[in-house]
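Structures follow.
In the two assemblies presented below, chain A is common to both, partnered first by chain B and then by chain C.
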Partner chain A sequence: MNRNYIFLTILMLFLAVGTIFLHKTEKLKQIEPDKLLWEIIQPTRYVSTDHVAKMIIQQDPSLEIIDVRSEKEFNNFSLPKAINIPVDSLLSETSLENFGIPGTKIVFISNDDIKADQAWVIAKRLGFDGMYVMRGGLNCWMNTIIQPVEPPEYAPLTEFATYEFRKGAKLYFTGAKTENTETKKVKVMVKRRKKTKAASGGC
Partner chain B sequence: MGPLIPNGIIPAGWDFVIAILLGIIFGFLLEASGFSSSRNLAGVFYGYNFVVLRVFFTAVIVAMTGLLYFDYLGWIDLSKIFILPTFLWPMIIGGVIMGIGFVAGGFCPGTSFTGIAIGKTDALFFTIGLYIGIYIFSLAFPLFEKFYTSGNLGNVTLTDVTGIPASWFAAAFTVIALAAFWGTMFIEKKVRKNIKEYKF
Partner chain C sequence: MHEHELNPWRTLIALSVFAVLIVIGFFTLQKPTMKYDLNMKESLTVLNDNDACFYPWQLEKVINKKANNIVLFDIRDKFTYGQGHIPNSENISAFDLTNKENIKRLDNLKKQNITVVLYGEDQLQANGPWMLFRQAGFKNVKVLLGGYKYYSEHKENLAATKSDESYKKGTPRFDYAKIASQSNTGIEQTSSTAKKKVVVRRKKKTKAASGGC
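What follows is the complex of A and B.
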């Protein structure tokens, strides 16, 4: 019997049994760091408040708004059909079910866009696609959609068109308030002519 | 790091260049292992030569154990490796046909080409038959297309099916292979006593 064979057999056996003791730490599925950094510096993830408003008004079925503020803030005010997933519970299993559905566009919103951006980075790192951040967050929403400012006279026509849209959107989101018809009771001042004194004099 | 092309370390256009290089190495190693001789190859069925079993089992267990260590060290990501889809019954039938062809013809497709490379006449005829077979298969394909694509289990591994970690399979298979190496050595000795030495 060849000695080399015996040696190789023992070596192979040792290596093969050794694989059983390799304990790999379970790594989270995530995208490559350089790809993530590349995605982070792209401004394409931002969508304007006007765009989001338009999608809500058109009842775009692909839109999924995820509000990453705290539950309390969410209950105070939220956009229609928004789902509340605070940043700290973003990685829970029930939250992750909302991501990665083909054909949906997820828009993260928060008060400004910082927290929403954080949520976007976390979800992006997990490899999900089709996610956006609403530029300026709800503060910007208030300033543009709920209280639109009329552009100055010299502004380009497109700004006026946006303004018109925002005025319409405002009506959609706040409800078209009917003018208060109950006018104040106006006191009818009856001016009485002073009674002329009885005709004096006479014939 | 690996796999190199899916991870973008090597551009995808290189796959054919790599295929040619690996093909040359594979052909050379088949020839060097004595796989260009149909007597060697068919010997495994008659019990006088188990070189096929030894070479293939060695390749399998070294690659298998090596890949597990590579995965552990982070040199290759096993989850990104392409796994051939499993068609249960078509594969069993295909294996039986392949086995019959192997023992009857004395070659498998790859080894018949190494046989031609060193000028073996039987390998040449085997290859002619191979192409006729491919031609008939292509023409008759519509007849058994349904069976050909039936029983698709998808890109499954043994770990997916049984839930037992890959390393246990690797260890068990290695033990079986090593036992087979030593076992066949004794069978060879016994059988060879009764036959004359043959030319490769």
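What follows is the complex of A and C.
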């Protein structure tokens, strides 16, 4: 046996033992601070109350509302189908299961938007995507959807369109609650165009 | 016998070259500009730290240049900054915050024990950057409650805002459950009409052209 081979074997064994003492990786994966700051300064995460209302009414199956207020406040009132995860318990394993599901859009809501935004930053640090913050929070929700104000006469036409929508949405959220929204699933009917028969006649 | 066994030094040479490469790699590793100082749990508790906030009435000291240890950073874009800003503030738009020079500057300010106050149009705009800098260990960074909007509405009498609560976020302004059920009254329409159904009707294709070209 050559001396070199023995030397190499010992070296390899030594390195292999060394890997056992390697620093254990952290449980939660995190993104780099620079990347997080870059994500934070993008204003694309904010959605309006109108947008959220539209998604609820259309029963968007990808929508997942997360209410970050306290449990007491949540039990008093929340949006339909919202899940309650108070900011303090955001890092528990059961709440983390709600994040990172491909194809879902998570919308954070709170009384105002600060707490919701903070929850967004914390979750973003863990590297989750597809998360949004409802601008203005529930206070704004009450002001716009539940108690819409008619725009003045000189307002542009689009404002009247939003007002019309809000009036309809108000009915949905205050009156149509008896309807069972949980069991209903959105069905997408795809009607295929019938193939035309081969051209008859002609050249 | 293999050919390389004729020269026992070869193994040693190969090994040392390998070692040198690894050492070079370590030295040329790019140092990240920032590192997390707080872990996830600590980042959550820092949110409830009232000392991390800057109150509107505290602004008077800065405006009158009575405080040497406070720097105001306006993180809105240059155009909005030009239209109006808090006196003695400096404009570093949110997109420039990521610059290495600015982060170095923050680091220097931290070493000099100078408080940095971030503000945007509202508190929300500065909330994210403030959280990040706190998590990255900049304990000197604070966020202005109410933002520029609240300041511009109350700039004549900032001292009076001490007793004002309206800029503090996070409290419900209504009794939600009450309003949501109350507003039901007075509407005669039935609820079912509120739902919109979208029926997509596709145009039927006409049958193949009969006869002639």
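The rule is simple: the second predicted complex is superposed on the first by the 147 of 203 C-alpha atoms of A that agree within 3 Å, B and C clash if a C-alpha of one lies under 4 Å from a C-alpha of the other, contacts with A are read in each partner's own complex, and residues count from 1 in each chain.
In the analysis below, a residue touches a chain if its C-beta (ideal position, glycine included) is under 8 Å from a C-beta of that chain, and two chains touch if they have at least 3 such contacts.
Only a predicted model underlies this, so the values are computations on that prediction, with no experimental measurement involved.
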Just chain B (first), just chain C (second), both, or neither: which does A:Gln147 touch? second
In the three-chain superposition, say which chain, chain B or chain C, touches more residues of chain A. C
I'd like to know which partner A:Ala16 touches here: chain B for first, chain C for second, both or neither. first
In the overlaid three-chain picture, which partner chain does A:Lys72 touch, first (chain B) or second (chain C), both, or neither? neither
On chain A, which stretch or stretches are contacted by chain B in one complex as well as by chain C in the other? none
Within their complex, state which residues of chain B touch chain A. 61-62, 65, 68-69, 71-72, 165, 167-168, 170-171, 173-175, 178, 181-182
Seen from chain C, its contact residues with chain A in the complex are 5, 8, 11, 32-36, 40-41, 43-44, 47, 94-95, 97-98, 123-124, 127-129, 131-132, 135-136, 169-174, 176-177, 179-181, 183-184, 187, 189-196, 200, 202, 205, 207-213
Using the touch definition up top, name the residues of chain A that touch chain C in the complex. 2-4, 7-8, 28, 30, 32-34, 36-38, 40-41, 57-58, 73, 76-77, 87-88, 90-91, 110-115, 117-118, 121-122, 125-126, 135, 138-139, 142, 146-147, 168-176, 178-179, 191, 193-194, 196-203
Residue ranges of chain A in contact with chain B within the complex: 5, 9, 12-13, 15-17, 19-20, 22, 24
